[in-house]
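Look for chain A in each of the two complexes below; its partner is chain B in the first and chain C in the second.
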Partner chain A sequence: MHNKKLLVAALLLPGAAIIAVFIAMMASMVRYSFSPGGVSVIGEGFTFDNYWKFLSSWFYWSYLFGSLRISLYCTFISAVIGYSIAYAMYRSGPRTQLIFGAILIIQLFTAYVIRTYAIMLLIGKNGIINKTLLGLNIIQQPMRLLFTETGVAIGLVMVSIPFMVFPILASLKNISPNVEMASASLGATPMRIFWTVTFSLSLPGVAAGVVIVYLFELTSYIVPGLLGGGYADMIANFIYNKAMRSFDYTFASAAAVITLVLSGIVVLSLNKLFDRLTRHERA
Partner chain B sequence: MWNRRHVLAMGASVSALPFISSKGFSQSPAKEIRLLTWGGYWQDIFRPVAEAFEKDSGTKVEFVVQSGSADGLNKLTAQRGNPQVDVWTSIASTVQAATSAGILAKLDPEKIPHLKEMPKEFVSDAGVSIWLSPRGIFYRKDLAPFELKTWKDLWDPRLKDKVGVTLALDRGSFLIVSALLNGGDEHKIDAGFENIKKLKPNIHTVYSTDPESIKLLETDEVAVVAWGALPNVYHHLGPGSKYAFVMPTPHFLADIPVSIVKGRGEAQQMAAEKFVEYMLQPQYQTIMASIAGTVPANAKASIPEKLKGIIPSLPIADVYSVDWAYVNSQYSAWEDRWAREVQVR
Partner chain C sequence: MSVRKTQHLGMRAIGGALILVLVVPIVVLIGVSLNSGVEQVFPPRGLSLRWYENLANRSGFVEAARLTLMLAVGSALVSVLVSLCASVALTRFRFVGHDVVLTLLLSPLIVPQVVVGMGFLVTLAGLGIFNSFISLALLHCVITLPFTVRVVLSAMSGVPNSLEQAAQSLGATPLRAFFQITIPQIAPGLAAGGIFAFVTSFENFTASQFLVWDRTTLPVAIYTSVQTENDPTATALSSLIVLAVVLFIAIFNRFVAKHMFSGG
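Take a look at the complex of A and B:
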């Protein structure tokens, strides 16, 4: 019994160390956010000035609301595309599943910056999309996709698809084929089986995918930085610019704490929503 | 036979050893120093100096990479309690911020004798310029509809949607140029914002780093980069090149200072001072300038031949000197205003 407790403690130790470092980082950030600041200065003392400066300015709020808005519709698009891919993989044979899975995993493990650069080449003025559309005479001059919010949205959806597909696929694979067969034998149409049985039972996977992707997109820095060209900066870009370019560490810390709190609220709300939606499954 | 008194005396002697070694004898320079500088080919600029220094002094120079001078300042700020680098190369604006924050050591002319022969404008309390880096317009000759010669050419309607501009690079310097062209300066920045707003039809995008600006040109996204650093584009220039660099008046020459980081201990500081002294010697100034495409800060150093065809004859007249202390105090507000007024379509 004593040995078992020791083993559990030893197994928990690495995780506890990581959590401790994370807590220390967060504690530093919170402390800085209440410190008086200046250019490259973290002063002594306690102040609410940084929070007041952020919360009293509609301009700063616009970065938060803009990020929430972009992440919201990009998560919805990612969920639709991700579900379609996961469902196609679920219904296909092992060979197709393997090929799709490999493509997604390769994308997942390719450096984030490289993937974003590849998207730049795709949607740029002389990218494949514009060249194809120009070649087919569909457009007369290149469309502006790069350095716009549309470009950022394309990028966010493309890089976050694997995070959506895998939880949904795992959820779909947990559904017993007998349930669908039972529904069919009771006269349900394929569409009804999909909505009332398959989709309904795969909601936990959708919930996991939505939470992961939403947070991933809300805090995205590289995609809006490279594909937005400053025209679609999100909250992470704003925080980076304040800390790393303006050297205003205390104000950047306050903005980061506000974003963290808001992200927490969003995750809790999403969890509650999906909890309600999947209550019947657990009953 | 050792008694208790002997043991105590021995213990006291051993305890005192570190104090005797650090105070009683003269310190010798450290065997390794760390230079915080830019990555990529920038290290090729410093490598010949570092190798010659190691051969002469026995002190090895290890490179630590910063993605930009702002990144360097952030690293130094984070390491303030326990600095990890000895020497830092950056730009004047970040040296000003680092000096105000008390991160850098004061440069001592007794320990760095070449400081005395450097032009006064290139020496501050905590930084001495190692070279001057010309700033100007960099463009693609095959994409630009005409030959650019002046800053005002950027506002030409023929460049509609063809220009890339920057605020972050060189801390608002292009905004200051825009202000100067409109009767203002860094203290009267409204003139700059007014002028940049007039440039908006020509602005295709905004970049933040040198590599970004070059990539924009290489992928045909823009024809003109409104603010480029000659060292970054130096290797693209030459006969038959599709690229051109023009350095209009008022001239902007970013002086690139080298500084010594405070708090690394006597041996490290001594080696760092010797390395800075080495970098200021005319022969190494010329070597670095030839590789980098820059103007040596030491007037006794000869000017690289290739530069003579690109920049105005030396010494360069009409060079604008920026009040970096003021810019640093205003930059965060400029950044917000830029996002509100310039980076919106």
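Take a look at the complex of A and C:
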């Protein structure tokens, strides 16, 4: 009995060590966010000044609201596109599924920096979007996409689509074909079958995708950094600039803690929302 | 099957078109890297491999690649071994706080990368540790662990303990039973966990950029190069990485796809 406890402890020890490092880093950041500016020793002084400074200024709030707003509509667009791709895969043969899957996994395995850089080449002033539209005489002057919010939105959507497709596809595959056949035999139109049966039953996958993508987009750094070029900074860029350009560690720590709390609230509310939406399915 | 082929044609065409849109940037990237001039245009004006040759002159990129590979291999090995130990405890023994342990092991996943980076920065700076290698090694073990735990734990849960017990009843020691019965069965899971950890570490940017005091990683070097210089060498480097990924997936697609979301 004693031996067994010792063995479990020994097996868990390496993992505990790594998680302890992580928790220590987070805890000391939280502690540091309560230190007055200029203090370099963690644990010295105590003040709410950093939080007060952030929360009392509309300018700082605008980073939070801006990030929440842009990632809200980008998550919606990603969900629509992601669902279309997942649905197309679900309705295709195994070969097509394998090829589509391979393209998506290649996207996931290629560093975000590289994918974002590639999108940058696409939407620039001389990128192929502008060149094609100019060539087709749809526009007379090159559109300004790079270094605008539109450019950032295009990047966020393209980068997050794989995160959306896989959970949706997984829940589509869980639906028994009999359910659709049953509703067809009872006279439901294909449109009605899709909305009341297929889509409703795939909602858990949509929920998982939306939570992952919203959290990812809300705190993304690379896309607004490269495609926004300083004109469309989001909250992560703000934290980085405060820490690494202004060297205001205490204030940046407070902003990071606020971001962590905000993303926690977002995840909890999304879970609650989807819980309500899918409740009648499980009942 | 033939009915299925003609059904939903419109939806499948839309899906295919959307997938193609995701491929376009990658094609443009590779095209731009083949330019013979310094202009980053697509289609390329004149084909050449000069930007690939130029990579050898960019010692910064070579240095960064070495560090990135070291971190990725190292953190993948550590995370797989640590996850294996933890998974044995979690699947083979009942103990108080089982669920708490699992939640804690997965906890780095739910904290945004920028917050993780900030925590490492202020803590390590406060301790006076400005060594990028040590700091990044710690960071990468933390961020890869949840991925390996998920995959290895799900592999371990698939192997019934009864097989090991049978081996033991035939006279094998518990250790020998574990290594000869269980390990071969979970080997694919260990490999998949290692691959995901390698990729997670290799492509990490947002948290790592806080810790590049004396050495830098490949994603950070590419980002800096894109922001500060106008030279297609970064496109050549990025294309090489893309080609490596494409080659890897071309060979191991089925394996990766199968393990992609096990336990997720």
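Heads up, the rule we're going with is that the second predicted complex is superposed on the first by the 258 of 283 C-alpha atoms of A that agree within 3 Å, B and C clash if a C-alpha of one lies under 4 Å from a C-alpha of the other, contacts with A are read in each partner's own complex, and residues count from 1 in each chain.
In this text, a contact is a pair of C-beta atoms (placed from the backbone, for glycine too) under 8 Å apart; a residue touches a chain by one contact, two chains touch by 3 or more.
This one's a predicted model, so the numbers in the text were calculated from it and none came from an experiment.
Trainee: Both complexes share chain A, so when I overlay them there, do chain B and chain C fit or clash?
Mentor: clash
Trainee: Just to be sure I read the superposition right, which of the two partners does A:D233 touch: chain B = first, chain C = second, or both, or neither?
Mentor: In the superposition, A:D233 contacts chain B only.
Trainee: On the A-aligned overlay, A:L260 touches which partner chain: chain B = first, chain C = second, or both, or neither?
Mentor: second
Trainee: Touching A:F147 in the superposition: chain B (first), chain C (second), both, neither?
Mentor: The first partner, chain B, only.
Trainee: After superposing on the shared chain, does chain C or chain B touch more chain A residues?
Mentor: The partner making contact with more of chain A's residues is C.
Trainee: A:L268 in the overlay: touching chain B, chain C, both, or neither? Say first, second, both or neither.
Mentor: After superposition on chain A, A:L268 lies in contact with neither partner.
Trainee: Touch test for A:S40: chain B only (first), chain C only (second), both, or neither?
Mentor: A:S40: touches chain B and chain C.
Trainee: Contacts for A:A243 in the overlay, against chain B (first) and chain C (second): which applies, first, second, both or neither?
Mentor: In the superposed model, A:A243 contacts both chain B and chain C.
Trainee: Which partner chains sit in contact with A:I85 here, chain B, chain C, both or neither? Use first/second/both/neither.
Mentor: second
Trainee: Where does A:L121 make contact in the superposed view: on chain B (first), on chain C (second), on both, or on neither?
Mentor: In the superposed model, A:L121 contacts both chain B and chain C.
Trainee: Touching chain B and also chain C: which chain A residues?
Mentor: In chain A, residues 40-41, 120-121, 126, 243-244, 249 are touched by chain B and also by chain C.
Trainee: Okay, in this complex, where on chain A does chain B touch?
Mentor: For this pair, the touching residues of chain A are 39-41, 59, 120-121, 124-126, 146-148, 229-231, 233, 241-249, 251.
Trainee: Residues of chain C touching chain A in their complex?
Mentor: 1, 4-5, 7-8, 11-12, 14-16, 18-19, 21-26, 28-29, 32, 40-42, 81-83, 85-86, 88-89, 93, 95, 101, 104-105, 107-108, 110-126, 138, 141-142, 145, 149, 199, 202-203, 205-206, 209-210, 218-219, 222-223, 226-227, 234-235, 238, 241-242, 245-246, 248-250, 253-254, 256-257, 260-261
Trainee: Which residues of chain B touch chain A in the complex?
Mentor: So the residues of chain B in touch with chain A come to 70-71, 73-74, 77, 97-98, 100-101, 168, 204-208, 219-221, 328-329, 331-332, 335-336, 339-340, 343-345.
Trainee: In their complex, what parts of chain A are in touch with chain C?
Mentor: Touch residues, chain A against chain C: 4-5, 7-8, 11-16, 18-19, 21-26, 28-29, 32, 40-42, 81, 84-85, 87-89, 91-93, 96, 98, 100-115, 117-122, 126-128, 158, 161, 166-167, 170, 215, 218-222, 225-226, 235-236, 239-240, 243-244, 249, 252-253, 256-257, 259-260, 263-264, 267.
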